[in-house]
Amino acid sequence: MTTLASHQSEVRTGRDGFGRLVHAEWTKLRTVRGWVVALLLIPVLTGLGALLLTNVSCSLVGVDGQPVACVAPATGPGGEAVADSFYLARQALAGDGTITARVTSLAGRHTPVSTSPTPVTGGFEPGVQPWSKAGIMISAGTAQGSAYAAMMVTGGNGVRMQWNYTGDSAGLPGTVSASSPRWLRLTRSGDTLTGYDSSDGTHWNTVGSVVLSSLPSSAQIGLFATSPSYIVLAPTFGGGQSQATGTFDRIALTWPGATGRWIGTGIGSDPAGPNGPDPFTGSFTHANDTITVTGSGDIAPEVPETWDGVGVKAQDALTGTVVGLIPATIVAALFVTAEYRRGLIRLTFAAAPRRGRVLAAKAVAVGSATFVAGLVGAAIALASGIRLLSAGSPVLPMSTFTEVRMVVGTAALLAVAAVLALALGTLARRGVTAVTAVIAVIFVPLLLATLPGLLPLGTQEWLLRVTPGAAFAVIQSLPAYHQVLGQYQPAFGYFPLSAAAGFAVLCAWTAAALAAAGYALRRRDV
Amino acid sequence: MSSVGLSRPRAGGAVWLALHAEWTKFRTLPGMFWLPVAAAVLTVAVGAIAAGEYHCAGSMCTAAGGGGDPARISLTGIYLGQVLVAVLAVLVVGGEYGNGMIHVTLAAVPRRQVLLLAKAAVVAGLTFAAALAGVLGSMATGRLVLTGRGMTPANGYLVLSPRYDEYLRAGLGSVLYLVLVALLALGITMAVRDSGVAIGVVLGLLLLFPLVIAVMPDHALARHLEQASPVISGLSIEATINESSLPLAPWQGLGVLALWAGGALLLGGLLLRRRDA
Amino acid sequence: MPLILDAPDEGTALIGGTPHTALHAPLTHIGALLDAGALQPSRSARNHLLWLAHSQGLPARRVDEVVEQVGLGSAARRRAGGYSLGMRQRLGIAAALLGDPGALMLDEPFNGLDPEGMAWIRALLRTLARQGRAVLVSSHLMAELEDTADHLVVVGRGRVIADTGVADMIAAASGDRVHLRTASPAEAMTALANAGATAVFGDVDQLTVSNLPAERIVAALTRAAVPFSEVSAHRASLEEAYMELTRDKVDFRAVSPE
């Protein structure tokens, strides 16, 4: 055979390794005009979703049935919007001390089920709500959104210690009655508040202990009652308001300045609501060492998906994410199938024989491009969306961390879904098969899971636990609070998994598809 | 004439010949046959799962009290079936653009509207057959399963049967729905000339509206989008209870889809005539 | 196959002693023209070469060099989908040359080229070989190979049929036959038979003579006073040699028209 060692290449190659493969794939991606257009469509479509929000409005119905302008809900110590309305029999007491009381009854009534936003003034029916509350409280003040900790009995969730609207810790189970009373105790020691409960006043259990850093020396010590609105889903969506009355005795205060005189204060009574005003008012009576407190409302986070919920969620601004996902995934799938269609893949593998690295380089190139495009789109969508929404309705506030998580999460969702599409494209090799697979794996389950009423709720939530669409949990701006009964459904933007867990489901799909694609690349001829 | 001259073409118009050619192309392409079969089978399977998943309790089981729609539940599989039907239509056209065979086809059938007509007829015929099988199977399965789940005359439901006008309309309408989806996909593929892009556009158009509407906070706008959506309006043909809550009346809704399909065919046909292959 | 695009049933393929997959920048070792149509139609030729250069860590300057070398010039910035077959062929060759490799594998490089392009590539292949590179060309255009190739490997039905130099192969196929043109073929046959040669009739005035060198044929005819107008040593074309070699060994054969 001919020997051919004589030729010496004069061309010098630059840096070695994976980086130049990524560079090559990025050059491929940016030099096809259709793909560049599609990549630019990602931020445009993601951002355009915010424009759909210009018509969102909020109006409340007043006592006379006339519309009343919306007022933004108060915010709690954690910065979240809160529903804070109840009735409080209180004393202002300075320094450390303990309040103890026995609850012998929790009763209530509610408006009949209403299906339209009109004021309801009569026809009340008896009964407590699962989260009707009556108990003792140490609070920073009487303004809505004040820091507090409270021990309470509830209509259906036993004894609870709750603090600062979102904190909740379970105590003794069961309902309260004269034959089965509940003893509640709350102790202040500096900024530390500790709650206890007991069924006999002798044996006490600690329910929880919290530090309220913003608690002034002179705090409001009191007895409270409140009861939230309710919703029914069938036969048609409806709901109403409710009221609860708690009966207290064996009340003991250890503060030095404590007296037997209580001041009654209604906190945050609503003159109007989205479905009409709350017809119930608060009051208290004090006789023979027994105090009854009657109140209506809730001391909890504000949840728009309740009968009297106000405001919109910032995640509505990211409605366009699912639209932006379409060009992102289709470009990613076609990015690899286009090479198969013309046999270009043979040249690619001749240039870079280690096929797994080519796949990885493609994933990095298309993933980075969609991530950046998504980041721009999501940042614009969220910023402009919140502004547009605020013009019509209060936007429930959220932490900076949540905002960053939503924007970065949206970008990551688009990027990882694009890599999933790339892997499916590598497996399918034909463009039409790849795009169909992408749509069948990502979009069809998402559609089945979010279209209201298409499938039973349990099935919809199951789909959002196991399909790639689970990652849409990254755009959820408000958590679902178990202590507020709302319509926590996918159709209303509540996902069954947390942002991290939902994103992990998508990552697992992508990892599995990439592994299968890498295996297929090694096994088959080009 | 020489002795080896071709035998004379068989009698029949250009459309008939083109149709015959398109049918031969379809049936001689390996794998294509399975698409309509899969469309029918998966439609029935998903419908059976949805019917099996249906549960209700107490007053919610009645037709007037928020219970499900037997026709809609039985026909849930249409959501998946339409994807396969769209793929079928896309491949019948897009496959030829992918490998350049469209040049041969246009050399053989130079009148492009005839070609479009022939392709549309083959796609529509195949889809009709698959849809008919899928819908009949779905509704038969639904009748078997749902009667055991409280969808009985006692709860205000009519038994699923073509004897009743609503069910006949839902069934026939669903078959027409799938045929229209196929024609929509055909028109779009003619317009974009690439299978991958075409299926993306078609399924994007079909699925995007419901996905956006589902999370849309603006309800007035959402209602308009529902009326414009080929899927939501089109599938209102399936509704047999609570028809007053539909965005459009059943036949009007199917009309919206027909407008989309007609528009797509018109666009595809015009572009086919105007530009080079 | 050496590029492991198709997995071998058995054995290994090495490039300069190294498996292809172990090469850091494979195109600087072996350049390949696989299929000139293997490109993204909407990408320009220059960008096509640019990504390829990036994958090998080559500078963009190298792209401009090969674009000039293959004569694509200003067309390199147009979308490659609009190229003629010949231009695509030049682009494919540019891709093979990009890494300035010691070995080149060119599959049907003459396809679609105009006569000028044919001459250009023949010269290019010779130049590349003179520079000390191994140039592997696979082609069915025997006439082109005959002029350019040194060494020949004939493969039929997946097996090596011949592995030899072009000159040797032609010589083997030519045999020692001599063409003779004469107005008196019968006399010539007698004279040659007497001299120990075998002669067969060809056309009207032609004989093919074997077993006797040309000089002795001339001598024998002169001695017998047989008139003749031409004596020439038969030189088979590469195509004839190939046909000779692969009879019964090729995959497909057209039915000869009767």
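Chains: A, B and C, in written order; residue numbering restarts at 1 for each.
Following the convention adopted for this analysis, a contact is a pair of C-beta atoms (placed from the backbone, for glycine too) under 8 Å apart; a residue touches a chain by one contact, two chains touch by 3 or more.
This one's a predicted model, so the numbers in the text were calculated from it and none came from an experiment.
S.K.: Mean of the CA atoms for each chain, then the mean for all of them together: which chain is nearest?
M.R.: That would be chain B.
S.K.: Relative to chain A, which chain has the most distant C-alpha mean position?
M.R.: Here the answer is chain C, farthest from chain A.
S.K.: From the C-alpha centre of chain B to that of chain C, how far is it in Å?
M.R.: Inter-chain centre distance comes to 55 Å.
S.K.: For chain A versus chain B, what separation do you get between their C-alpha means, in angstrom?
M.R.: Their C-alpha centroids are separated by 37 Å.
S.K.: Can you work out the whole-Å distance between the CA centroids of chain A and chain C?
M.R.: Once rounded, the distance between the two centres reads 71 Å.
S.K.: Which residues belonging to chain A are in contact with no fewer than two other chains?
M.R.: 34, 338
S.K.: Enumerate the contact residues on chain A facing chain B in the complex.
M.R.: 34, 49, 52-56, 233-236, 312, 316, 319, 322-323, 326, 330, 333-334, 337-338, 341, 389, 430-432, 434-436, 439-440, 443-444, 446-448, 450-452, 454-456, 459, 490-491, 493
S.K.: Inside the complex, what are the residues of chain A that reach chain C?
M.R.: Answer in residue numbers: 1-2, 4-11, 13-16, 20-21, 23-28, 31-34, 338-339, 342-344, 346-354, 525-526.
S.K.: Going by the contact rule set out above, which residues of chain C touch chain A in the complex?
M.R.: 3-7, 16, 20-21, 23-28, 32, 34-35, 37-44, 47-48, 50-59, 62, 95, 99-103, 131-134, 150-151
S.K.: Spell out the part of chain B that touches chain A in their complex, as residue ranges.
M.R.: Its residues touching chain A are 50, 53-55, 59-60, 64-66, 76, 79-80, 83, 87, 90-91, 94, 98, 194-200, 203-204, 207-208, 210-212, 214-218, 220-221.
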